[in-house]
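Read through the structures below before going on.
Below, chain A partners chain B and then partners chain C, in two separate complexes.
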Partner chain A sequence: MIHQFGIHDILYLLSGAGWTLILSAVTMIGGGMIGFCVALMRISSSHVLHGIAVVYIELIQSTPVLMVVFLVYFGPGIFGIELPKFPAAALALVVYSSAFFAEIWRGAIQSVPRPQWEASSALALTWLQQLRYVILPQAVRVSLPPTVGFMVQVVKNTSVTSIVGFVDVSRAGQLISNATFQPFRVYLWVAAIYFVICYPMSVISRRIERKFNVRR
Partner chain B sequence: MSYRFQFDVVLAQSDRFIEGAALTLQLSGEAIVFGTVIGILGALARTEGPRWLDWIVGAYVEVIRNTPLLVQVFLLFFGLPAVGVKFTATEAALFALTVNLGAYATEIIRAGIEAIPHTQFEAGLSLSLTRLQIFRHIIFMPALEIIYPALGAQFTLTLLASSIVSVVAANELTTVAQIIEGETFRSIEVYTITTLLYIAMALGLRSILALLGLVLFRRRRVVQPQVRMSGI
Partner chain C sequence: MSMPVVSLKGITKSYGTIQVLRDVSLDVEAGEVVAVIGRSGSGKSTMLRCINGLESIQGGTITVAGHVVTQTAKQLRELRREVGMVFQSFNLFPHLTVEQNISLAPRIAKKMAAEQARGIACRVLEQVGLSEKIDAYPQQLSGGQQQRVAIARSLAMEPKVMLFDEVTSALDPELTGEVLKVMEQLAERGMTMVVVTHEMGFARHVADNVVFMHKGTVWEQGTAEVFFDSPRTPELQQFLRSSKVK
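Coming up: the complex of A and B.
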């Protein structure tokens, strides 16, 4: 049935945008947690942990996000399991994003000068205390702008899950475009919705960066 | 695990995989060249041009960087024909990748140019260099050296992002993979091989960029020791 593009379609797009936001939030939280662990492994003095982290990061950063989505979506089929679309999409994006979060935070932690570690160890702080009270508070400042910047990428990457049929705002746009035959108008709406989500984050990222640079 | 991997039926199609990979390399190679040209022009427009040009290029950069490539491809391939501009799938793919990289390259190159202190420019003037010489030797090459790693990372991202243009069946590697998957039903085998091909291409591109960097910037190499912590 061909129908005119109207208010129903906009509401449908917005409900898709809701799923985009939910998927983005899950990805940021899950990817952030795994990414933090991988970042710690990456700077660990244990060669094994360091090596695993490096290989993990390099492999994922050399793989298209779409391939990660395909492998996670079709992979469990080996064990006869079929993952529903949302968990599959979320898992794929969590794995993909964790490698990038790991590199961002690894860089931030290593930007804290080595004497800070030495000084805090001279104060008999344990490794965890050094990290928690001395290193991280300084690293967070450095990491904030790229972290928020990468969150924009996370939101945009969720669009790829529409290719395996997860109904986010991109997939909703495709469906409406097929029903109304007004692709230009529909995709402009889709693009505008992404822009409204992403642009404020880009601006915030830049503001934080400027603020911290001035103080330094 | 009862699943039997059958790589042989998929590997029988290796010619098509290689063709797809070649088109991926060609598409992203062209996008990298054209995108970098847009980036240089865009950065010049933003740093040297009049304010209205800065504003227009700024809007282009923000719109592209805050919308997904997938939607840009859809708009170009399905949207523009509706208003009278027609592309083949491969043309739309190349156009989308170029416009996308152009926006990122503009910002990266602009950041490099702005990192060069203005006094360098004045020093160049006092040595009676021409404007072109100043731009080339004092602004562009040092700026390029500063931003080279970021630009290279963006090139790699473009190569990997080219998989997204498969949504319009652009005949590159991911499209080929999807067709072969449809014929053989061996999803995991097909996408494992495809992923390995992408990893090989990405590592290859990064090695080439690293070598090129050594040739281009021979004068200065600052190596900072990495901080590793003890305890875990």
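Coming up: the complex of A and C.
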């Protein structure tokens, strides 16, 4: 079964890269939505919601992403449920990334000076209206660079899902490497593909940062 | 006399073991301007912030325009529609233009149409003499102009009473004048105002009544002339002497 690394393998890697992109997108959207809710819970005045958010964030941030993947993939097996690889991988990364999104955005929201809350509440706005019209527009500026920065991390972190057999670009590389015995050449390609995805994101992140620094 | 617009009865408040307000009572009639003076830490700003519920109280009752200040969010909002507040640090919204700063609350809290809200923004800006700044952002304005916009923003809600919390303390003397002038015009138009201030000239010439806060309570109060010309308590006498030196 040993063959030379060729165009077929490159196509296979690219299809793996497609799955990496899809998994990344699902993670960012799902993790972003949950993370946003957790961030709001964390800043809310309700002790219960605040407590739940803190425990959730601390628990996940103190666990390696690999363990989150294992737990989500093997956990349902205890109850006789077998999750297919993609949903399992996506769920694990959504949970993992949501805790980090939550902390990034919590910090951004809290960076808006306290008097902005006071001024808007003195104007008879509700909590949600204050958030929507006064606080979030200011918080978004602060949060953009770290958010994009973390998105780069998300793309790279998708590689851990190859451990449970999800065929992303890393897993594809592993499979080809096993078949060709040319690991260096294969993984160079894999690394190059990650670079092509992540580098533009880093550039965008830096640009946003510069733009907002100038405006301040 | 008619019912007071603002009525504080026996207000007490403490932060932990430190009592910042003790048995504060104060009535403000419609159209009246009350200046509140006193040293830092005398509780004057805290008292003001209690009036629109920015600070909670432990005892006593506050009534504003028929609303009792409570801590349920909905009732507080209803009350705050009637009460304008201007802060020492302006607190304009930096991401919004002057017009958006002013029309935000009428549009959102009062569900007013955009056009109508813009009309109000134009009117209140004219009132504070800043019509030409309608499309500017706060950071493009001087401190005095920002504070006048903040006053206009409060006026846009058509409040029954306005609270001023040391609104000129962050301003240069020359900018202080333009803000005080706007406040004086408001007073002439019959606005009910509670003004926490260090500006003795304003207290003396614009206020109907002056309140001296000391050690968390209303130490002495009276009409402006009596208050300044014949203070009764030694504490007020000393305070007036020391503030004249400045």
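By definition in this document, the second predicted complex is superposed on the first by the 216 of 216 C-alpha atoms of A that agree within 3 Å, B and C clash if a C-alpha of one lies under 4 Å from a C-alpha of the other, contacts with A are read in each partner's own complex, and residues count from 1 in each chain.
Throughout what follows, a contact is a pair of C-beta atoms (placed from the backbone, for glycine too) under 8 Å apart; a residue touches a chain by one contact, two chains touch by 3 or more.
Please read all numbers here as calculations on a predicted model, not as lab measurements.
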Since both structures carry chain A, what do chain B and chain C do when superposed there: clash or fit? fit
Superposed model, chain A: greater residue contact from chain B or chain C: B
Degrees between the directions from chain A toward chain B and toward chain C, using C-alpha centres, nearest 10: 100
Touch check for A:147: first (chain B), second (chain C), both, or neither? neither
If we overlay the two complexes on their shared chain A, which of chain B and chain C does A:127 touch? Say first, second, both or neither. both
Based on the superposed arrangement, let me know which partner A:115 touches: chain B (first), chain C (second), both, or neither? second
I'd like to know which partner A:174 touches here: chain B for first, chain C for second, both or neither. first
Can A:66 be said to touch chain B (first), chain C (second), both, or neither? first
Tell me which partner A:77 touches in the superposition: chain B (first), chain C (second), both or neither. first
So, does A:198 touch the first partner chain B, the second partner chain C, both, or neither? first
Looking at A:183, would you say it contacts chain B, chain C, both, or neither? Reply first, second, both or neither. first
Can you give the closest approach of chain B to chain C, taken over C-alpha atoms and in whole Å, for the superposition? 7
Which residues would you name on chain A as touching chain B in one complex and chain C in the other? 126-127
Touching chain B in the complex: which residues of chain A? 40, 43-46, 49-50, 59, 61-67, 70-71, 74-75, 77-80, 109-110, 112-114, 117, 126-127, 130-131, 152, 156-157, 159-160, 162-163, 170, 173-174, 177, 182-184, 187-188, 190-191, 194-195, 198-199, 202
Counting only contacts in the complex, chain A reaches chain C at residues 115-116, 118-127, 129, 133-134, 137-138, 141
Please name which positions on chain C make contact with chain A in the complex. 52, 54, 73, 77-78, 80-81, 83-85, 87, 89, 91-95, 104-105, 108-109, 153-154, 157
Residues of chain B defined as touching chain A within the complex: 1-3, 62-63, 65-72, 74-75, 78-80, 82-83, 156, 160-164, 166-167, 174, 187-188, 191-192, 194-195, 198-199, 202-203, 206, 226-232
